[in-house]
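Chain naming follows the written order as A, B, C, D, E, F and G, and within any one chain the residues start at number 1.
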Amino acid sequence: MFENLFVGIADGLRSLLGGLPLEINEAIVMLVKLVAILVFILVNALWLVYMERKVAGYMQARIGPNRVGPKGLLQTSADIGKLICKEIIIHKDTDKVVFMLAPVLVFVPTLMVFAVIPFGKNMAAIDMNIGLLYLLAIASLSTVIFWMAGWASNNKYSLLGSMRSVAQMVSYELPMVLAILGVIMITGSLKMSDIIAAQEHTWFIFTQPIAFLIFFIASVSECNRAPFDLIEAESELVNGFNTEYSGMAFAMFYLAEYANMLVCCAMVTILFLGGWLAPFGLDFIPSWLWFFIKMYVVMFVIMQLRWTYPRIRVDQLMGFGWKVLVPLSLANIFVTGIGMYIYRAIGW
Amino acid sequence: MIRTQEYNLNFGPQHPSTHGVFRLLLTLDGERVVKAEPICGYLHRGIEKLAESRTYTQIIPYTDRMDYLAAMLQNWGYVMAVEKLMGVEVPEKAEYMRVISGELSRLASHLIAIGTYSLDIGAFTGFLLAFRERETTMDLLEELTGSRMTLSFARIGGVAADAPEGWLDKVDKFMDKLPDCIDEYDGLITGNEIFQARTRDVGVLKPETAINYSISGPTLRGSGVDYDLRKAKPYGIYDRFDFEVPLGKNGDCFDRFDCRMREMRQIIRIVKQAIEQIKEIDGPVIAKVPKVLKPPKGDAYEEIETSKGIIGYYVVSDGSTKPYRVHVRRPSFINLGYLDEMLRGYLVADVVAILGSIDIMLGEVDC
Amino acid sequence: MFGKGLVKGMQITWKEFWAPKATIQYPEHQNPIPDRFHGRFVLDLNNCIACGMCANACPNKVISLRKQKVGTKQFLTNYVMNIQYCMFCGLCVESCPKDALHFSKVINMNQYFYNNIPLVLVQREAPAEPVEKEKPAAKPTSQPKADKSAPTAKSEVAASKASDKEGE
Amino acid sequence: MSDWAGVFIFFVVALIFGAGGIATSFLIQPRRDTPLKLEPYECGMPTQGPTWIQFRTSYFLYALLFVIFDVETIYLYAWAVKFQSLGLFAFIEMLIFVFILIVGLWYAWKEGALEWQ
Amino acid sequence: MLTISLTHYVVLSALLFSIGLFGVITKRNAVAVLICIEIMLNAVNINLVAFSKYITPMDFTGQIFSLFVITVAAAEVGIGLAIIIAIYRNKLSVNLDDFDWLKW
Amino acid sequence: METSIYSVIAFYALAITILGNAALVVFARNIVHSVLFLAITFISMAGLFLLLDADFIAAIQVLVYAGAVCIMVVFGIMLIQRPDMKDTNLFNTQLIAGTGVVALVFALCAILAGRTAWTDLVATQAVPENTIQVIGALLMSKYVIPFEVVAILLLVALIGAIVIARDESSAIAVDEGVKANAHD
Amino acid sequence: MAVNKGKQIETAQKDIWAPEYFGDNPDYNCPPELKRLIHLAPVEKVLNLARAHSIWPLGFGLACCAIEGLMAAQGPRYDLSRFGYEVLRNTARQADVMMVAGTITTKAADFVVRLWEQMSEPKWCIAIGGCAISGGPFVDSYHVVPGVNKLIPVDVYVPGCPPRPEAVIEGFLMLRAKILDNREYLENFKGRVVTG
């Protein structure tokens, strides 16, 4: 019943604006989609922060925020409200332009990535041919922004933190990219909708378990979550690259972190958990709801990881990335290739 | 390897993992420590000096504030020194009360030590779960003494009060529950591979060095030196209890941490035995001492084993109501002595691990 | 096997997630406070004989009391505890010969202003006549000025200084 | 083509969002600069020495490895999408390609370039 | 000028190339020179892709060439930086004016 | 021949961004700023590639140049940077000569470009939709040899860079130098 | 810092009931910053609502009180996070409230002030424990600053040695009332003298 809710809205809008020239019509529809996505990200980021604190509380024998608003739901809104009206300190040694540019830009790659994520059947804002590659390319830009933030702060902790984070993100991007390769070999397309369609019968988590593991670990690392949260490494580097940021500038990083998490979970869902496909033929639940359910299951696991594991040391982190994950993901390509030949020999 | 330019990094005083206001001036080469200069004194409150203008009894609350995590043990050390000076005999029951409350204090201290250590390593949950048990310990201590942390429970010649009704049973019940909790920490922290990878072979302290640097407490025993004052020179009534002294093998951070973990299990044993034995004893909890204490001229030194190591109180009397001099051998301060060499060559992340594993208490370091 | 500890950790947090919570919702609920708790002081005026033992026993000269001779008895006019200096050690309570000074279970002594922090346990004027039926030996001629101007208690040194000589 | 126009709109809106957030904040925030506030934060102490620290070669080596392998993945992607229709020859070719790079990884490993210094 | 033809791309490419070249000749910092070389290579890429689109749209020769150029450029930066680091280690400078020991 | 008004606007906007940022790369006083401008140049170049219907190349441009090469350059800078160098990206003494040479080169290019009859060469077909598929196929068939050579090239670059960049023999000498330098 | 011999207290505290605070005083020269705030006043109400419910403390402990006031109050039993006050920031830049928990020695005074200065506006300060309020047990010592209000303005005092975590929570609630400008609550405290 609700299956076509959002698609229907978009179509309705399009026909409503039928009188306008095509480009403008498309642009307006795109803008509406965009605003919807933006709202979606913000609401989700707020919710995720709240959920994180609740989950953390529950795992630590306490209850977490419950006073502000019903069940404490307005807690994160209050936090953001406060951060907006907090002073942004730009201290005298900073590289002022770069320092302020970083928080402005930090949301850009994240939001742009959302353009290709299908939230449900036919519900990607843009379903482009090289969707996956686009996603990877844009996502790789965020490293530069983190580095900008750390360098411009002109603070040793920030610089150390940002250099670490860049080295980390760079090292884990590789296994992530290589892990996806296994999926692409099977689907033969970089289009998100094709990838999901290819999982009609079996999710790739079953056909590509190694790739799934690698991708999952690498994406946890990419969004700097524990046990790979060296970027913030509170007990060592104070707050990592955002040590000098205050107020809204900090809030931007804070939100972007959660938005990044959202991307990672969405990616895991799309690539390995069948995206919006309903399992066991339970398709009375709309596709977009399935997508959320899967996404939030992954999210919960990531949160649980954070509240369970200690932080790993930087040299171990690098060693793990390069000496375990990269060879493993290369091996995965071989195995997938050979496996597919065998499968074809038997199957067809 | 190219040697990069060395630079200084302030680690503290306001740093989440220096456990208070402690400052380490690190000289780093890349991320490796070349030199570490511990700078303390940010919490120097002049307790030793203040003690000279207080009467003997009035000093007791001040000793609390040295190692505020295990306040009873500090009280105990001090009153033992004064008792020795005055030749006071402590009633049996008071000794037991001291043991029970002292061991509970030690438990609270160890719980914080493992909690904050897991926080340093990055596992937040371990920290808060340890605090859950600490709250119970605090409740028990509060019921006994009236304060949660700064107990001021010991008195010269005994303890301030007898156990309230039903208190011993409560302690007993808590001791029954505790092993499960310790198992939980073991599962969550000690058994975790990441934690082990972080702490094994880091900050190795050789037994000889440890002895040479006069290091004591779990830090020493983590290196495998079997020296616990409770066993080696049983003070009070410790010779009546049957317990083990947990020892480490390699002397690395993990061993030190594990020593504390296993020591907690021994605390359970001691407390359980003490509760069993105290039930048969009746009598006062404080000896007859004059209201105004005037110890004879002379000096006395007594040392006991606290949760951090061997604390020694040296009290000099000039025959008046106030001590001429009080000096404290603070284990945390002495354990810090080897820090610089222990840190050299390790990464910044290891600094946190090593510093946390020594379990310093700044109130005691700076005194 | 590698990974066993990791799985165990996840199990524990999962278990904790569903386990009962230790939190007590403070402003509404509160853990019972034990009888011996060292909270805010209360002074039983009927028992207090203004002997000054409590002020003497205190390590930090927290207690300042003013007394006045009314008849044969000492009359307590002013008893202020500067609890900002207090250690809540209980030595004063222990030393009171008449059991007049107690701890209560009140934990909250918070204030917005520094001047309000001291606990004014007694603030009153001495009666002109001795309350008791005994013959007044000598009627005090001049009424000592009682400090009634400021509601906030001035930290008082005189009494504690006077009572400090025992220690010297 | 219109796909990319959409992407461009995304970019612009994201930029506006970021800039708008910060700008709003600047409008309503209280500001008071004091000399101490304008100093870098370093655990409550004045910073010691230059803040532009010099890093070690290992960082560069990681970046280098990353660049090399990143370039490699491009070819892998181009190959992977066609993998099913290309046949065994292409697969073997790719094996050779990957193998050559694995040699590089092995060399880096052996030389200790993967060690964090 | 309301159409974009191949000439536009070629001119753009030439301009970019000139900027890069200018940087290569006049910069003092070795890393800056490397960066400028990158710009030059990119200018070439524009040409290649433009040719590919306008002249041989079905062959993709230009695109594949630019793929190779990107690869080579990446390798070049890597090696170049490594050399600069090595030189820096000996001379403690990245100033090209100091790198004159080949002349003696 | 692009005629859509949007692509014309896009082209000019991109061209200005590219040229402006490239100029800033050259003229920025701080080398880190140069790198950041370079990143912008690269990204807008990707936009240009999109205009040229080369989406695969555009994605790669962003992935490799903006995401990887810039990071590597930045790391390189952090490795060799002296803290006292705020103005790290100055011109050398050949400024005037350089300008002359560049003007000459550009004039030559312009003349050549102007004299070529581009319009004769222009083909009429459109670029196929799915570029990556075609490129993948071409790489595996027509360009097999260059493809394998690329692997060798990358290998050589990797090994070469590692050999050059890590050098133990001179470590001690440099050590002294660095230390001496650190104190002034 | 001089030894606080006579325990004479000169308080350096904000008096929010002073006439110039309300701008009633015609002679009062309103700084431009304040003028700007006056324009913002309607918004400020909403913002204060947000501020009051999200007070992030600076993870900054000095001595014994830090264990009770910071750690135990965050702990499972008392759980400051219910109010949303558990987000301990390690850098002064992001913190809202400085909980001065513990003894401030003359050596530490310097960095306490520095940390306070480096916090971003708006900021508050809670003095936890006798030491932070007045030097507490160590007021006679030669190396102890008699009270943090000598260094920075304090909003809420939480006496105790150490105060129970409940009292710390109470302190936070008082701060919340202050930020919300909850007049009834505040009047309760004005000139309040606790008598036995």
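Rule of thumb we're sticking to: contacts are C-beta pairs under 8 Å (C-beta built on N, C-alpha and C of every residue); 3 or more make two chains touch, one makes a residue touch a chain.
Since this is a predicted model, take the numbers as computed values, not measurements.
Within the contact network of the assembly, the step distance from subunit F to subunit G comes to 2. Chain centres were defined as the mean of their Cα atoms; on that basis the chain farthest from subunit E turns out to be C.
Between B-C and D-G, more C-beta contact pairs are found at B-C. The chain with its C-alpha centre at the largest distance from the centre of subunit A is C. Subunit A and subunit G have centres, each the mean of its CA atoms, that are 39 Å apart. In this assembly, the C-alpha centroid of subunit C lies 62 Å from the C-alpha centroid of subunit D.
The distance from the centre of subunit A to the centre of subunit E, each centre being the mean of the chain's C-alpha atoms, comes to 34 Å.
Remark: subunit A and subunit B have CA centroids separated by 45 Å (rounded to whole angstrom).
Shown for subunit F are the residues in touch with two or more other chains, namely 6-7, 53, 55-56, 60, 63-64, 67-69, 71-72, 75-76, 78-80, 82-83, 131-132, 135, 139, 150, 154, 157-158, 161-162, 165-167, 174, 178, 181. Contacts with at least two other chains are made by residues 47, 75-77, 79, 82, 90-93, 111, 115, 118, 120-122, 137, 140, 161, 164 of subunit G.
Under the contact definition stated at the top, the residues of subunit B that touch 2 or more other chains are 1-2, 4-5, 7, 9, 13-16, 31, 61-62, 65, 125, 128-129, 132, 135, 150, 188, 192, 194-195, 347.
Across the complex, subunit G is touched by residues 28-32, 34, 36-37, 39, 41, 44-46 of subunit D. Considering their complex, residues 7, 9, 15-17, 31, 118-125, 128-129, 132, 188-189, 192, 194-195, 197-198, 347-352 of subunit B touch subunit A. Against subunit A, the residues of subunit G that register as touching in their complex are 46-47, 49-51, 53-54, 56, 75-77, 79, 81-84, 86-87, 89-91, 93-94, 96, 118, 120-122. Subunit D contributes residues 42-45, 47-50, 53-58, 116-117 to its touches with subunit B in the complex. If you check the complex, the residues on subunit A that touch subunit G are 53, 57, 60-68, 72, 74-75, 77-82, 84-89, 234, 238-239, 243-247, 250.
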